[in-house]
Amino acid sequence: MVKVKELPREEYIERGHAACGGCGATIAIRHALKALGGNTILTVPACCMSVIQGLYPKNGLSIPVLNTAFMTSGAAASGIAAGLKHLGKDKEINLMAWAGDGGTYDIGIQALSGAAERQTNFIYTCYNNAAYGNTGMQRSGATPYGSYSTTTPTGKRQHRKPMARIMAEHGIPYTGVISAAYPRLIYDTYKKAKDIVGTRFIEIHIPCPTGWRYPTWDTVNMGKLAVESGAWIMWEREGDEYRFLGRSKLIAEGKVQRKPLIDWIKPQGRFRFLLKDPGMMAEYERGIEREWEIMKRLVGC
Amino acid sequence: MAKLKRKPPSHRITCITYPEKGAMGNTGDWRIFRPVVDREKCTRCQMCWMYCPDAVITMDEEGIPTFDLVYCKGCMICEEVCPANAITRVRETEAKE
Amino acid sequence: MPKVVSVSGNHAAAWAARTAEPAVIAAYPITPQTTIVEKIADFVEGGELSSQYVRVESEHSAMAACIGASALGLRTFTATSSHGLALMHEMLHWAGRARLPIVMPVVNRAMGPPWNIWTDHTDSMSQRDTGWIQFYASNNQEVYDTVLMLFRLSEDPKVLLPSMVCLDAFILSHTFTPTTVYEHKEIRDFLPDYKAGHWKLDPKDPMATGNIAGPEYYYELSYAIHEGFEAARKLIPRVVREFEKHFGRSHGGFIDTSRCEDAEVILWAMGTMGEEATLAVENLRQQGIAAGSARLRVFRPFPVEQIQKLASKAKAFVVVDRSLSYGHTGGQATEIRSALYRGNNRIPVQGVVAGLGGRDVTQTDLEKLIQVGFDVADKGEAGPEIFYGLKR
Amino acid sequence: MKLFEIRFHGRGGQGGVTGAKILARAAELEDKFFQAFAHYGAERRGAPVMAFTRIDNKPIRIHSYIYQPEAIVIFDETLLEIPSIQDGLREDTFVVVNTPRAPKDIKLKVKAKVSTVDATKIALDAGIVVAGIPVVNTIMLGAVARATNIVKIENVKQAIQKGLAGLPDKVIKTNVEAAQRAYDALVKGY
Amino acid sequence: MPKVVSVSGNHAAAWAARTAEPAVIAAYPITPQTTIVEKIADFVEGGELSSQYVRVESEHSAMAACIGASALGLRTFTATSSHGLALMHEMLHWAGRARLPIVMPVVNRAMGPPWNIWTDHTDSMSQRDTGWIQFYASNNQEVYDTVLMLFRLSEDPKVLLPSMVCLDAFILSHTFTPTTVYEHKEIRDFLPDYKAGHWKLDPKDPMATGNIAGPEYYYELSYAIHEGFEAARKLIPRVVREFEKHFGRSHGGFIDTSRCEDAEVILWAMGTMGEEATLAVENLRQQGIAAGSARLRVFRPFPVEQIQKLASKAKAFVVVDRSLSYGHTGGQATEIRSALYRGNNRIPVQGVVAGLGGRDVTQTDLEKLIQVGFDVADKGEAGPEIFYGLKR
Amino acid sequence: MVKVKELPREEYIERGHAACGGCGATIAIRHALKALGGNTILTVPACCMSVIQGLYPKNGLSIPVLNTAFMTSGAAASGIAAGLKHLGKDKEINLMAWAGDGGTYDIGIQALSGAAERQTNFIYTCYNNAAYGNTGMQRSGATPYGSYSTTTPTGKRQHRKPMARIMAEHGIPYTGVISAAYPRLIYDTYKKAKDIVGTRFIEIHIPCPTGWRYPTWDTVNMGKLAVESGAWIMWEREGDEYRFLGRSKLIAEGKVQRKPLIDWIKPQGRFRFLLKDPGMMAEYERGIEREWEIMKRLVGC
Amino acid sequence: MAKLKRKPPSHRITCITYPEKGAMGNTGDWRIFRPVVDREKCTRCQMCWMYCPDAVITMDEEGIPTFDLVYCKGCMICEEVCPANAITRVRETEAKE
Amino acid sequence: MKLFEIRFHGRGGQGGVTGAKILARAAELEDKFFQAFAHYGAERRGAPVMAFTRIDNKPIRIHSYIYQPEAIVIFDETLLEIPSIQDGLREDTFVVVNTPRAPKDIKLKVKAKVSTVDATKIALDAGIVVAGIPVVNTIMLGAVARATNIVKIENVKQAIQKGLAGLPDKVIKTNVEAAQRAYDALVKGY
């Protein structure tokens, strides 16, 4: 794993951008772009990242960005990818779509799935803050069971769609599931993905102080606790082979114990209903255990 | 409003924007707390630099973090991740005095 | 060397794409547009066309992919119809507002439900507010020629707007007629390579497009689109002239008129009805009736002045819409009346809705409608909108 | 010449539009203008379908349907039972039928200019069979040339060669010869 | 017992849904509509509203789900804005053509790019050809009241058309004002339960809807939509009257006029600008200036006769559009001109485009525009369209 | 398995419908509807089935049908499901969406995925004729590698999207993959699915004489050969457990040998390019082997 | 055109259709081959009935298939699936004679 | 009464709109009409934001922005540095500032009717603190009532009770008392 001091000093996100204070998404994109470098084109559908860029006539990202409609990241990227191929620059320039969980799990899955099926040459990042952040925290397909959102005010009653596994099962060459709490892993993951040809899907778990309702300074803590408690599993699939990553690997191998789920849940305002309802809590835990089982079966351990 | 390095005619054709600091203004204005580093305690590990969501930390010649207060939003992640407890928060109102 | 091929309107559109050589084509099939994309697939896989061809999973994605490719500063093409066009609606606004010169044939087909694959202009008329240049063609040669003209027009640095050419389902799309076509190198004098001067996605000179602009900027960016249309308005006659110079053909400017100089009644129609109207006019003229026909080729930018001018000598207009803006009138009738309202000659305008969902409209029908125009002219006043050919 | 309109009746899969297009090409060889199209809607294999050719010596500006064709061509005798086959029939309409029967045996509601040819037999003899079904579209064009004189048989043959370009030479040759045979074998009832 | 609550325009819309008690609500969030769906979620999960609430994954799906539910013969509701509305476009046509009385508030917001969340009428004006009834509201009470009126209107067996009420982003959607609301049982005299007489999905009496109809049937089915709009045109005054009888409030019929009886210049505007115009008129009247204002409440069906009537005494119209059909003019201006063209009073109509993308338009601005109307009346002729407030 | 003579005599498809002669889709829907019975509401997006119904003012299906736009089957069904729930009839009336492979793999995946994530109570059938049949056989995400389609005139260069597995990985309670060549299995599958609550996804392989280019009478043969050669794998997933079905089970268990792939490919006109190109042929076979491996791993054998 | 059992006013409001035979007309017209059963050979297995895509086969009192020739499209699947080879194809032109 | 317009300056998360709405409710209790809204765009926590209340004794038909408010209320002294805070300031504008300083120490470009109150201290004393940050929105309303006389303090207190309904009784009580304290503690510089 890359050392902190080896991380490139170049920044591709300008100071004074419009993210909320303590935003996990900006930690994530900072290090993803460090790995990809400046020779990268980005396309961004409606999501927090379209706000984070700031206001016309300035932009907080220092690479070319095509902002595009909410449903279209996979499709807009397909057009850019085709154009780069026409120009003979598809090997030289990295192409990345950067979309939220709503723009991926919900309204963007079709364009993404189509792009993957066509073996489009690009990296698709889903940065998952588990709700529609831009519009004020409505339920998304990624919102965890039991979580408050403004459209599930008494807690969501469905489990998260297993999006990354769905993408992996498309048979794409690379799928990675990581977290904003581990920037070095982000860097390494993008470094690896950069050199693979075809559709690469990377999902980053994004602690979001605004939506999850915890103090801004706890972003890294919340990200780590999600992994440490097993609520978020980090893994990758290269070719047809699944593998656990980082802390999740240690957990899967029994080298470390999972922390109690409650350690992660309690500090977050969005889980206040879940906390009050043992039945819901049990169902949430059941969902997590099921995820671990499925993932362990896929990894083959 | 915003001052631009350059403003070619594209601007007048469609919504083109250029990379520049302060796309959301001087976000240092948002700060309620300000990070302050204790140069003695700092071990130069760069964790604060790595985690700063606003990329406002630079390590100075001595490897100690400096904060671009024009843009630092005061989220205090740096304080939280600093393994040496070298960063502390100061209320902005007090800091200004 | 130009060659004459026997092609359908759809194949003419595909041939035009081949001639213009877009860098990227992204499209999704829908009856009756399918033979355009199928022919393009043949050209691409047969090595006759170097375009990257993206077989997207929906029309919304087709337009998004075109936007992505065009944003690289590349020539881009797609085609659709009816529900496909409707599904693109959001992205039509996007392409227009982003000033991307995408060119798109639209095969006019009725909207469902019920499913109906036959011709009807409601699909494209419903896109009149999306910031696209709109032409309507009346024969296969015009389809071919218009695609080339539209690339020229759309890509002009003063215009930079996407454009569509509409053609009637089956009547043109699937009807084979002799059509003159060219290879790419033969048309480069008329249609040079596209150079995106305004912006493109390029890591060497990073710009972004589309992030938030507040009330202090948005209006001016919108006005710029208006300016693009005004530039197009100026340029269209020149493009038509130059096309004629290069290829010896013209299909008219904004309006393709027939015997209008001294016509008392002018019948307006778009697409194939507009061409067939010329036969009606000829026949009536032989009977000594001072009829004329005006085929609206360009719906956006809307040719206000040209329409006003045609009212200066005529005594009545009959406007036949193959669409209906429910709750008001056909779009053509509304806009022609509005245009005349701003001019000095306020002759009666009889609105007619006809031919929806592929209902056939014949030369005889058009002759009858011209006759109605004479009644209207006599009365000095138009009647309520006529739903011609309606069975009750 | 006046605008000449032809209506073809066939079955889905029998190549009606191809026939209409090849006839159009033949007219083109005589420096005429044309339209060739079909009635779209339900082109299921076996289902009755229609195709059309318009021929004129000036560009054709008419776009509506063909209601009173100058000629009606029937690819398949069994289609005679469908009433719409006689739509727009006038006394001076050419009706060319694929049947072993004589023109006088073809019963129509109007006494039109009927001619007949056993195109199915010609097809079977020549081996122009696809998926077990004789294909008569090109063959019938030979008959049309003779029955209507709207195009010369030489041009029909040349048009078949162009229209089938891409198929094996032998197939094309067989089709051309079969068209000639139909031309020769046509029995005129007028 | 009615109660007065302090609500935003969005909460008024949500309250209206609560009052009307739809069986199914399917919606997708988009700024600035979100607080409608959030409030509805509160109502539903708080047990105050019995509707099935489907949290779909896109607006296209929202409208499709409403169509599915409405096809069961059930009352159905959704809400959207801007890009969400644009994404629905295909399904708007579907709902209109399938004659399903879905009711939908639309929060008017600008289309991107660039992203802009502020008010602009382009989103809903671009849907004018989709077969939806369109109302524009000017304050929160009107939003609430109009939703109830629209259910009544849409569900009428002679009408059976979907309808939208448009409200200005933030200016109404997020502004809290005192608003009178009711519980469901209090309004049932005015708004009875919906009974789908025309068709519904029911295994006991299986019917299908939407399979292919050829040219021999499609036109008449389209004409039936036209008839639905004509029925709505007749019914609107009655619904407005009955609403007033039941609840003691009216916001005007097709047009909400102020001092038009003896006005020389009438300023036209939709939404909040239309209400603010009444202040401009009052101020000018105090200076002895014969100004009037006309707020177009109903855009579909388009009130041709009512508009013609207002031209009978006035000397000029000034029409302010908060949208632009690029390549022609604002939709309101075009259609008003067209309406007048068909009438006898052909006074000059000055077109104005203003307030795009949330650019503020004040009472002073509107007064200035009325003054322009007097110049126009003097000249007897309107000038080219004015882009008011444009910075160059 | 149901016996032929036990199959209900009631028909829910009227004679004189508009399918091509020899259409496999009509065999499939006949038996699916026999299993569900007349108390069923159908929603059908644009596809062959919207044509098969025939022309206004008649309809070839004798249950209520909501024809809907191409992209919307999952969404239209969601609305109907909500309405049925409101009426308290969600247990009594079966709700089925019936969509083609284009309307499922490509343009319909978003609405379907959303409906599944919301645990919508309905059966979704994807009848897979491996191309856009209605519009004349363009490429779909289900078109097999190497197959001709009018938009891949020299053969498609991507493998089929593993749609059913993607749906199964959504965690829905039932997924079944069957074939029109086995009507009794169709019947049994729908009988089973009928009684499960939640989103049930059933994919039926549909031999299509028009698109696959074989004589009409070979429909059943083509369907069986696809399974017998291993090109089409029949399986189901109930809960989290995968299982092979019918002939595919015998193959997986080694009880019967797979027939040579060529036996299935050769009679079909759509594979003419594949047949000529050994490299493509090998790639197609590689794809099939990969499918078998993945499925075997999931079944756990 | 089509004759309907009933035609309520809904028809005039929107595109409602009713279940009825012949929604595509008399599809027997499409037939090029006609299935003919050999009553002797038939084992009454009903495979033909099960596989007929057009649902035009009924088993008569004796359990032998009869074909509704007004609608049978002549795909000849029944012939192909009949394990007893009891069904044969006859060219429609010949059959008609 | 003439239309009275108030502009609140706060920071994202400080409850500016809630303040504007509660003030509106207070006016409603005096049978007045109102509008309460915010300037939408970038409501990030900590970022400077604006909210508005309009009060009138007839229905309000004005919908455009507030350019020249009758009163400007500043929730956070640090905001004084932002120039836009003085937009539309006139000599007769009330300016109510949360600061421990005296009115005369508040430097503005126009000599307006400035009053001050140490709302932060009141909040801290009363324990009205969320996520470590004192919340002053309700407290400032007490000051506004005194500074402008636009609403009675009783009605402000009643409006706070309604506006915070749903929160624990204790919290509401504390807020009401704090508003009264601000009312009492306000220092007028005019």
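We call the chains A, B, C, D, E, F, G and H, going by the order they appear; numbering starts again at 1 in every chain.
To be clear about the criterion, a residue touches a chain if its C-beta (ideal position, glycine included) is under 8 Å from a C-beta of that chain, and two chains touch if they have at least 3 such contacts.
What you see is a predicted model; the values in this text were computed from it and never measured.
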Any chain that touches chain G and chain D: C, F
Winner on C-beta contact pairs when F-G is weighed against B-H: F-G
Maximum centroid distance from chain A, chain identifier (CA atoms): D
Reference chain H; chain at largest CA-centroid distance: D
Chain D and chain E, separation of their C-alpha mean positions in angstrom: 57
Chain A and chain H, separation of their C-alpha mean positions in angstrom: 40
Chain B-chain G separation of Cα centroids, rounded to whole Å: 78
Chain D-chain H separation of Cα centroids, rounded to whole Å: 87
Junction residues of chain G, two or more chains touched: 14-19, 23-24, 27, 30-31, 73-74
Where chain F touches two or more other chains, by residue: 18-21, 50-51, 53-57, 59, 61-63, 67, 69, 71, 105-107, 109-110, 113-114, 117-118, 141, 209, 215-216
Per-residue multi-chain contacts in chain H, two or more chains: 41-42, 44-46
Chains grouped in pairs wherever the two touch, ordered by label: A-B, A-C, A-E, A-F, A-H, B-C, B-E, B-H, C-D, C-E, C-F, C-G, D-F, D-G, E-F, E-G, E-H, F-G
Residue numbers on chain G that touch chain F, as the complex places them: 2, 4, 7, 11, 15-27, 30-31, 45-47, 49-56, 68, 70-71, 73-77, 79-81
Complex contact set, residues of chain C against chain A: 23-24, 26, 50-52, 54-58, 60-62, 64-72, 74, 76, 90-91, 94, 201-203, 205-214, 217
For the chain F and chain D complex, residues of the former touching the latter: 18-21, 51, 209-210, 215-216
Chain C residues within the chain D interface of the complex: 4, 6, 8, 32, 117-118, 138-139, 168, 170-172, 174-178, 272-273, 275-276, 278-279, 360-363
Contacting residues of chain D [partner chain G, same complex]: 11-12, 42, 44-48, 77-78, 82, 133
